[in-house]
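Next come two complexes, and both contain subunit A; in the first it sits with subunit B, in the second with subunit C.
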Partner chain A sequence: MEYEFHWNIVFDKLPQLLSGAFVTLHVSVLSMLIGIAIAVLLAIAKMSDSRLISLPATVWVEIARNTPALFQIYMAYFGLGAFGIHLSPYAAVLSALVFVNAGYLTETFRGGFLSIPKTQYSASKSLGMSSIQVYRYIILPQMFRRIYHPMTNQFVWSILMSSLGILVGMNELSGETQRLQSLSFRTLEFFIVAAVMYFLITKFVLFSASLVSQRLFRGDI
Partner chain B sequence: MGSSFFTPLSWSDSGFILTGVLNTVYISLVAIIVGTLLGLAVGFIRAEANKATNVLLGGILDILRSVPLIIQLILFSTYIGAIGHPLDPFVTGSIVLSLYTMAFMSEVFRGGFESVHQSMIVAGRSLGMSYWQTVVHIRLPIGLRAVFPSWLGVALSVIKDSALVSVIGYMELLRTSEQLISRTQQPLEILIGVGLFYFIVSYPLSLYGKYVERKMAI
Partner chain C sequence: MNLKKKISLLVASIMAATVFSAAQADQLDTVIKRGALNCGVVLDFPPMGYFDKDNKPAGFDVDYCNDLASALGVKAKILNLTWGDRIPSLVSGKTDVVVGSTSDTLERAKSVGFSYPYFVFKFQVFSKKGSNINKFDDLKNVKVGAALGTTYETEYLAYAKKKGWGKNNYTSFKSENDAYLGLYQGKVDAIISTNTNIATKLQTKEFKGYVAGPYVPNYDDVVGLIAKRSEVAWINYLNLFLIHQIRDGKMNERYNKHFGSDVPADLIQALRDNK
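Entry: the complex of A and B
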């Protein structure tokens, strides 16, 4: 059987699809920013000598890394209802992405921090730098270089995984595509356009990230 | 209370949940095995092929990695329906998940093959090995061992990603639980059980991966 494509219906709805793409970017950027902030705290907690402080961080990281993102979203959307917390689809997807991003980034940050030899700290100290100066000029710049690419990948992951919003009726790119195709039943056309948009967004993010990294880290080996 | 519309979770549901568990295990295993075999072949081709072939293959794999899995599932399942060959959700899901797995596995294996130093292959050839003998006796064992932790990482993410196959109607664990939730209205208990299952499967394996990685780092 031949399938006849009708693209005009999709192109008429392009503004709605683009606004869905904007929500996708919005939720993934926000989930990264909050995720980074939490991950910094968790990484510090995880390196603490006190088990009372490091254990909760470890539990967070391991749950985030060892359960599916879809499970996290269901947990936020349906599960929290048991505590009387009812999140909107946007809030549910955002909090699930934040939870997972924080979990993965904690390990990234911790690894980046531990990869810098302790001797550098003592060397800078002996040159008369204050603790803040050591972190500002020696430790953090090197650390940032090492965590830059894992962070970019995590951001791309967030963009792709925000597509799970379709299952809780969110209005990001996938959810919007689902809603629009249900009005016209041009399922294939709508989802092909959505796939192309995801591809372009991902490529754009990776391309800009590599431009920025060339600028930031030029002259580095 | 008093309404009989929602019925609480009971032991008689355990068979239903078990089916979901088995279906998750089943489709994950199929995708990991098929994805690994295809990924091995594609990774080898990419390590050996010339630039033009690599650009072409790389482009296709790039699409599989840059389009959300859920969109790929919907697209493939709609497409085969539209051309008049609808398949069972398990078959549809297995095909898409396997190809998706292949895209990630091929990069892992390509890295493994390329990590084997050229001098070892030259040494093998000078000992009278044929091209394929160097592949089987040198490149495969050394290359594969080096990438085992990465392979395990991809395999674990496939188990988690298999939850998405629920979108095309495959009754894996998360879809099973979703149906139970709408009947029992007990989301928390059910979801915690589901989370525990994934955790119990994934956590020990991830620990083992870290252990191997640490052992190989020396």
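Entry: the complex of A and C
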């Protein structure tokens, strides 16, 4: 290979890359947490017998799962912009990622809910628990235990997809990488370092998630 | 065969491969033998590069690709690039040359080979009529945007930093078109672009109510063709080609076609001075 790598240029710009990496971490973790909260509600809504409640949830899930994330981020920024609703690049990427995360996780959570025997609902009810108590103390803890690993997959997905923030000029890791490489044209070096950073962010998040899971699900799994 | 023999065979074959590749044709030979010139253009930057109404590549840069190909006696293949794709396309061998309004900074020249300049741009502010941006310092409390990875983005950010304006008023867009779209939608109050692109946009009905504002102070954007840094003979050919474009009147012809006037004498002078 005739290409000479020059790494010192990249190391000089490491602080800027790291600040980009922090934005990536920030937006993906936040989109995941909000996504989980919405997905629980959507999953319960989707299982409802009333079509009035299940239909909106179904529509959300279908759109989120069957259109590209690139398109959703673009719509959140320029699409809403055409109607005079101006989100900042950060808000546009965050809301698009929340939208997709919630859509995908709904199906995962629904699977988790369905895997819990119906008899547990009736048993809890007969002990005098309210619906909220049944979910809070009986159903949700078991559901999260079962879908924990598929859920972390979604986590990885949102870290990697946040790179599409570059589309709307967000200063996350990919955006910073693109900007910095254009100054020196050391494209390959910057992209390789960015890839390593994505890898480390993903590993870090998965490691933190496994620590959390050990605490939450002590005694089983 | 024992291990020693195997190793020496391996070494010998690697050496042979190196010798053969060293004797390989250079870029100029490769292009001529291939019979086609892979020419990268940013087709998002009228009137230098854009898609015409038949969705075919057109523009000043595209014409330069065709002129270069006909000088070489080969066919031109136009590849559409984004600003960020320019270098990877050269390194990966997808393009032989990029005619893509690339600013010839010394920092970049460490990575890529530049020809002589072939055009000089001015960077200019573009905003709605009545936004009262008369000098560059009026951008202080204004939301400004530009395309990601362009020299005017760098220039604006450097200026803003020097003046202590901060980064909060700045939005970068993935492409030139997105920057204009962002301005049109009111996401930003002003964008920075090149005088040539702004002049083109002013002729469209979407931008009737807009006005070209002040130039970025003390900055001429001198741009060259780019090729692999190691292909010195090829760059040599590109340089002579650019000189001939001026000498044979081709540049004037192309300029007339895309800008509607003869090449200004100061532009020709700037190209000769910067050479």
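The definition used in the following text is that the second predicted complex is superposed on the first by the 189 of 221 C-alpha atoms of A that agree within 3 Å, B and C clash if a C-alpha of one lies under 4 Å from a C-alpha of the other, contacts with A are read in each partner's own complex, and residues count from 1 in each chain.
As a working rule, a residue touches a chain if its C-beta (ideal position, glycine included) is under 8 Å from a C-beta of that chain, and two chains touch if they have at least 3 such contacts.
Bear in mind the structure is a predicted one, so any value in this text is a computation, not a measurement.
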| task | Superpose on subunit A as described above, then tell me if subunit B and subunit C fit or clash. | result | clash
| request: Return first, second, both or neither, reflecting whether A:3 touches subunit B, subunit C, both chains, or no partner chain. | output: both
| said: Looking only at subunit A, is it subunit B or subunit C that touches more of its residues? | reply: B
| field | Which of subunit B and subunit C A:63 touches, first, second, both or neither | value | first
| message | For A:167, using the defined touch cut-off, is the partner it touches subunit B, subunit C, both, or neither? Pick first, second, both or neither. | response | both
| message | Just to be sure I read the superposition right, which of the two partners does A:82 touch: subunit B = first, subunit C = second, or both, or neither? | response | both
| request: Return first, second, both or neither, reflecting whether A:202 touches subunit B, subunit C, both chains, or no partner chain. | output: first
| said: One more residue to check, A:212. First (subunit B), second (subunit C), both or neither? | reply: neither
| Which of the two partners, first being subunit B and second being subunit C, lies in contact with A:188: first, second, both, or neither? | both
| Among 8-16, 26-34, 44-52 or 80-88, which stretch of subunit B shows C-alpha clashes with subunit C in the combined arrangement? | 80-88
| Of all the subunit A residues, which ones make contact with subunit B and with subunit C? | 2-3, 78, 81-82, 166-167, 187-188
| query | Which residues, counting only subunit B, touch subunit A once they are in their complex? | reply | 63, 66-72, 74-75, 78-79, 82-84, 156, 160-161, 163-164, 166-167, 174, 177-178, 181, 186-188, 191-192, 194-195, 198-199, 202-203, 206
| field | Contact footprint of subunit B on subunit A as seen in their complex | value | 1-3, 62-63, 65-71, 74-75, 78-79, 81-83, 156, 160-161, 163-164, 166-167, 174, 187-188, 191-192, 194-195, 198-199, 202-203
| request: In the complex, go through subunit A and note every residue touching subunit C. | output: 2-3, 6, 78, 81-82, 84, 86, 89, 166-169, 171, 175, 178-179, 181-188
| task | Give every residue of subunit C touching subunit A within the complex, in rising order. | result | 83-84, 86-88, 91, 105, 107-108, 110-112, 145, 148-150, 153-154, 171-174, 178, 181-182, 185-187, 230
